[in-house]
Structure formats: structure tokens, C-alpha cells
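Pasting a structure below so you can have a look.
Chain naming follows the written order as A, B and C, and within any one chain the residues start at number 1.
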Amino acid sequence: MMSPHTEFAAMNNSEILVVKDLNVSYGESKVLFDANLSVKPGQVVSCVGRNGAGKTTLLKTIGGFLKPTSGSIIFNHTNLIGIRPYDIARMGLKYIPQDKRVFSDLTVRENLELGSYATRDYNWEQVTSLFPRLKSLMDHKGGYLSGGERQMLMIGRAILGNPKVLLIDEPTEGLAPSIVEQLKNVFKELSKKTALVIVEQNLSLVCAISAKVYAIKEGRVVTEISDEESIRSNICEQYL
Amino acid sequence: MKVLKWWWGILLAFLLLGAARIFLPLPFANEIIIFSIYTMGCNFLLGRVGFISFGQPAYLAVGAYATAFYLYYFGTNPYIGILLGIGVGLVVSAIVGAFFVRLRSDYFALVNLALAVIIFYLMEKVLAKITHGDNGLWFLANMSSTPVLNLGKPGDFFIFIFLVAMALWAFYKYLDDSLFGACCLGTKINEDKLRFLGYSNYSIRWMAFIIANTTTALAGSLYAVYFGFVSPAITHPARAADPVVVTILGGVGTLYGPIVGSIAYTGMKDLLSGFIANWELFIGLLLVFIMLAGEKGIWGTLDPYLKKAFYRKGTVPK
Amino acid sequence: MDTQLLISGVIFGLSIGSIFFLLAIGLSLCFGLMRIISLDQLLYYSVGAYLTYTIHVATGNTWLGVLGGMVAAGLVSFGVERFVFLRIYERDITFTMITSFGILFAGIGAIKYIWGLIPRPVPVPIDAQLQILGTGVPLYRLVVIVISFLVYFGIWLFLNRTITGKAIRAGIEDVEHVEGLGINVYKLFTITFIIAGILSGLAGGLHSSLIMVDPQMGLEVLAFVFMVVIIGGLGSIKGTLASAFIVGQVVSLGSLVYAPLAQMAPFATMLLILLIKPTGLYGSKLLKR
């Protein structure tokens, strides 16, 4: 067992998020085994793997929604274990779930207001410049938005407060190709300021934006590919 | 081997009860046994199916009044009265259960309590002509003496309910080990998965509901025969806490929980009511305390230690 | 049935419905946001009523008593939230239900200890009668109805116009998402719980002069409040308002037809509605978390 000090020392200064030997269980059944992951500021990192491999569990645990049985999550020199999700979000690490559920009874404006309320960041320019479509939908209730619009709103309200890392769970699942294309550009634009950890099944998107790819299989991180050449040859040419 | 082990457990429990018969006053022992039968249903529902019912007094009253009506108006044989109580309890819980088990567990708890209140008013006001309202029905003198075990005599009555309780324990133990018991736990933990396996959550819950509340009705019948008297007070909403408290006190879902809880609860009530008039304060705080302390209850806390003491190292069964 | 009886019956039903609404709205909000069934709301109702009695005895002013009752109920609920619920919000619903039942029970014991077992009377603060279509209607009952509507609109404004209210509405839909945005949901929980407690205290204070104040009063309205919450659908504010007045009328008009119907009719109504819709009139289907 390493003391917190050595853990910090072991951490590369240039990395914003380091997950080390993370183990997670749901009751009796273990779903994540010694997962390791590291993210540099502004880096786009993708996690690929089959359904049930433990990708969502990994993101939820980093976001503070699940308690790991062991391991550490160092974000910006702070160990996140035991910190409540809302504090983690305020520190600048936000999790965007895959269910694409915005608050359906609240309007788009109210949804954004809540994002601002939490972070005291009322600069909506950054949201509307990324998603001009949201401007015209301000007074529509969340429940009447399409799947793509909801995904835009979820990302939009999360980027308020300039988070340092965004954890995005299956952002393109079930969306039309044109919107996936739009999201690809959004992710590229976002990565100028924010590191992204994306769980994704759409491999062409993964290849287009990722600087690093983790393959997760049956609860274990089996491969880490971090140079673009290998990403292209290993994933894109094998699967596409 | 496996069979032998749990028989030993039950025998041990009953040896303790036999000792209780010798060392404790008879009314106290009788009350404990009936109370633990009463609690078994609640314990089964909460521990195995995950449904909490604040309306157990309703089913207690169904059994008690079925027996009381028979013994007051029609017959004299207490055995038939008890059988009738079980029968009516079965029918009522089958009908009521068909509606109730469709509900989510939160609605289920509320609806059951509402039912208990309704039955209270039904017995106190609406059917006052038949039930004699708050005065209750007295039929102790109506009961004829029966051969072998004369239920009119407290000593014989003790042996009778002792046997009944033993049979029920064996029955619930059998249920726990059976496929049905596994299904019940399944509906509690993950109803979707159970459905995918091809079981109907609805019918499993319905069966469990009928079993649990027929047991409760039986306890009601036993109360009726024991006291020779039934009044609406048996289903007063303030009594709704009793089975829940005892279940929690004893340890939810444990086989011996109801008996341990009943001894502790009845004992405490007897002891405390001598000192303070309003023991609700104490019972309520105790309930909150047990829940906050890990909701294991007395038996749940003792269980691991007892197992350690009785089995050699490394052979502790799960 | 003659008109006079009908009018006073309807007014009686509305005022009873108002009390039910004030009590049920807290239960419903707590369920919606925190997914707890807070049976202890009925304790704050008794606390409100008893404080009204005590302050009335001391000062002779019932309204002051109602106010004091609300404050006391708010304080007690704050304490309970701090020491008990804050530790158990994560647990499943049966767990919180049993615990809150324990609190209610302990509270009844405490009330018996402080105020004794004897029922206490509280005089009606407004004696005047109002003539509606030739029928004398107690003005106080009308005031109670007006207060409950004011509360409804107050809550509506709070939930729709303030950012905290909006966060609560969002939390009713999905607490995890609210937490994910960086909002301290436990602060929302505390606010909601205290609002619920204060409203229950208000219900107790207003109800105290219509009935006798006694230690079991919480248990006596328990079944009706449950029926209101179940018929309306747990977690729905609109549904709670509608069903509170439905139950109020069913109780009042039912008892005009045949006295014991006052208790039986709402139960029959509830069973009927649950048969058609197992989650109540406006209840949501899914139970997340």
C-alpha cells in the first residue's frame, strides 16, 4: 500500500487525471479489476469495449457515483475517493451519462440555468456558439427535444464552469449520422480547453478524435494504444 | 446432513421454549409464541419478498373475527374456529393480495395500513351490531372442551400453539430452501432478471402474500381462542407498529428472528410498562436505533458469534 | 338532500381537503425528491397542533399559536433531518419508511409525556358565519380553504420561479443528473424536508380548532393522508391537490348519505383508482434510484 505522498510523487505532473488500480464491485459481483487510466490536459481519450465490459462503471466511479473497493483516482493533485459527486463536478470533472435524459419538465433555459447555478458561470456564449441550435429552443421543454438536441443540451450545461475533464458516456448512441458528424467537430473544439474521456462504440469517431484508446474487456483494461499510427492500424483498419 | 443441522437448530430453539415454559409464567410464554407466529408473516414478506406491510393488524383481525363469529354465534369447537380463521384468512388474503401485489413496494405499505384502518372502522362502527363495537365479543364460556388437548386450558393451549409454531417454523424453513424461496428472493433483488428466467413476479408475490397473511390470520385465531374475547382494538392503527418492530428487533429475514424479537419485545413491554406509562417513546427510539445501527436486529447480530461458538473453525456454514 | 345541507357539506369537504392537502404535499415532495416516505410528517402535524394549543393558552391568540406551531414543526423536522435522515437517504424506501415510523412512534410517546393523554380543545379563532345561498357557513373554514390555495400557489411560484425550486423540480426527475451538474443535492433535501415539516405544522395548527388535540391525532389522519397521496400519485403536486379535494368531498358527502361511509368511501375510491392506474392519478411510472 503506497502512502498518499508517494502516489503524488509517482504521478506525472503533466497529467490531469490518473486512475490507478481501481477495483469496483456491485455487491458480490466484481465488475472492474485493477483498472488504470491516465489523461493529459486537453487530451481526447476513448474507451472501447463490448456492452457490459465495465466502461460505464469506470466513468461512474471516476465521477463519484460508485464507490470503488480499492484504488485511487487522482484529479488535479487531489484523490477523489470519498468525495461526493457534486463536489467532484465543482472541482471541474463532470460526468455526462448515456441515458440522454435532460430534465424533461424544465425548459432548455432552465436546464442551462441549473448548470450555471452549480458553477456560478453565466457565460452562455460558449454553449450557444458550439450549439447554435439551442438558441432557438430556449423556451422548449426538455421533454420535447430530439435525441440529438438533448445530447447537445447535456454537453452544453456540463461545459458551463469550464470543467477540466469531461467524462462522456456513449454520446452518439442512437443519433443520426449528421449529428454524429456535428458532435465530432464539437469534441475537437472542446478538446482545446478540456480533456475528454469518451466511452464510444462508434469506431470511426474514435479514430477521428482520440489521442489515446483504452480497450476494456470483461472488467479489465486489456490494451492501451497511445500513438496515432497504432490507433489507425490497430483499430480502424481492423474493424472498419 | 443438511437436514439434520437445521433440525438441531429448531430443536434447540424449542428446548429454550420448553425451558421458558418452566421458568416463565404461562401467560407470558403463550403471548410470546402467538406473537412470534404473528411476526412470521411480516418477517417473511419483508425479509424474503422485500415488501413491508404496516397493515398486518388487518389480517390478524380477519382471522380473529372469523374465529370469534363462529364461536360466538354458531359453534363451540375451538379447533373448527381456528380452521375457519385460517380458511377465511386464506380467502381474504388471496382476494386482497391479487390487487395489492401489483403495486410498487411503497404503495403496498401505504395501502396495507389504510386497509387496517378501514377494518378497524368496519368492526368498530359499521358492523357494530354484529361485533358489539368497542365492547367486543366474549365467548370464553361458549367454547366446549375438546379431547386430547383442551384449548380452554392454558396449559394445553401452550402445547398446542407450541406444536403449531414448530410446524410453521419447519414450513418456513422448507420454503427458504425450496425453489419458491429462491424465487421470492429473486423478486426482491432483481425482478427483471427473474422475469427473463421465465417466472412471473406477480404470481410469486401473490403466493408469498397469501402464505404470509394466512399465517397472520392464524395468529389472530389463536389470540381469539386464547383470550376468548375479540374487540376492534386488535386492529387499531397504533398497533400496526408491533409486527414491524418485532421483525426488525429480531432480525429481518432470519429464521429465529420472530421468536427472539417476540421474547425481547414482550419482555420489554412488560418490564417497561411497570415504570413508564408511555413506552411508545422507548419503542420508537429503539426502532430508529436498530435501523441506524445496521438493521441486523438481535438475532442478526448474534448469529455470526453463535455460529463461531458452535462450529469448529473453518466449517462455519454460510 | 336539501341545498343547505349540501352547501355546508361541500364547504366542510373543501376545508378537510385543504388540511389533507397541506399534510400530503410535504409527503409527496419528500417522496418525489428524496424517494423517502416520511411518515414522521404526521408527528410535525401533531407538534403544530399542540404548540397552537399551548400558545393559545398562554396568549389567548390562536393565530399566534398556528405561527408558533409552524416554527416548532420546522425546527423539529430540521433536527430529525440532521440526525436521522441525512444518514439514510441512500437506503431503500422500506428502510426509510420503517425508520420514519419509529420517529413518529417515539414522537407520540414524547407528546404523551409532555402534554398528557387528555384531549385538549382549541377555540376557533374566527366565530363569524358567512351566508352563502341562505346557508350559514363558518368563516374559519373558508379561511382554511383560502390558506391552502395560497400555499399551493406559493409552492408553485417557489418551484417555477426560483433557482432552488427549479433544482428541486429537476431533482424530482433525476437526482443523479442534478448532482452531476455540481449542485449539492443534500442542501435541496434539507430545504424540502423543512418545507414539508412547516406545512405539516401549519396543517396541524389549522386543524387543531376543528377537532380535539390529542396524542393519537397523527395516527387518526394517517390513513386519509395516505389515501390522498396514493390517489394523487406519489411525487405529484398537481395530483396531490386534486386528490386531497376528492378525498375531502368523498369523506364529507359520503357521511351525509350514511355516516360510516366517511371512512369507507375514500378507501373504495382509492381501490378503484389503483385498479385502473396502479401509480395513482398523476404518479410517474418509473422509480429511479
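Observations on the structure shown:
Here is the rule we go by: a residue touches a chain if its C-beta (ideal position, glycine included) is under 8 Å from a C-beta of that chain, and two chains touch if they have at least 3 such contacts.
Owing to the predicted nature of the structure, the values given are computational and were not obtained by experimental measurement.
Top-ranked chain pair, ordered by C-beta pairs in contact, is B-C. Centrality by Cα centroid goes to chain C. Rounded to whole angstrom units, the spacing between the C-alpha centres of chain A and chain B is 51.
For this pair, chain B with chain C, the centres built from the Cα atoms lie 32 Å apart. With centres set at the average Cα position, the gap from chain A to chain C is 42 Å. Within the complex formed with chain C, the chain B residues making contact are 46, 50-52, 54, 99, 102-107, 109-111, 113-115, 117-118, 121-122, 125-126, 237-238, 241, 244-245, 248, 277-288, 291-292, 295. Contact residues on chain C toward chain B in their complex (touch as defined above): 31, 37, 84, 87-88, 93-95, 97-99, 101-110, 112-113, 216, 219-220, 222-223, 226-227, 229-230, 234, 259-260, 263-264, 267, 270-271, 274-275, 278-280, 287. On the side of chain A, the complex with chain C involves touching residues 63, 65, 84-87, 89-90, 94-97, 101-106, 110-111, 113-115, 117-119, 157-158, 161.
Contact residues on chain C toward chain A in their complex (touch as defined above): 163, 166-167, 169-170, 172-174, 176-185.
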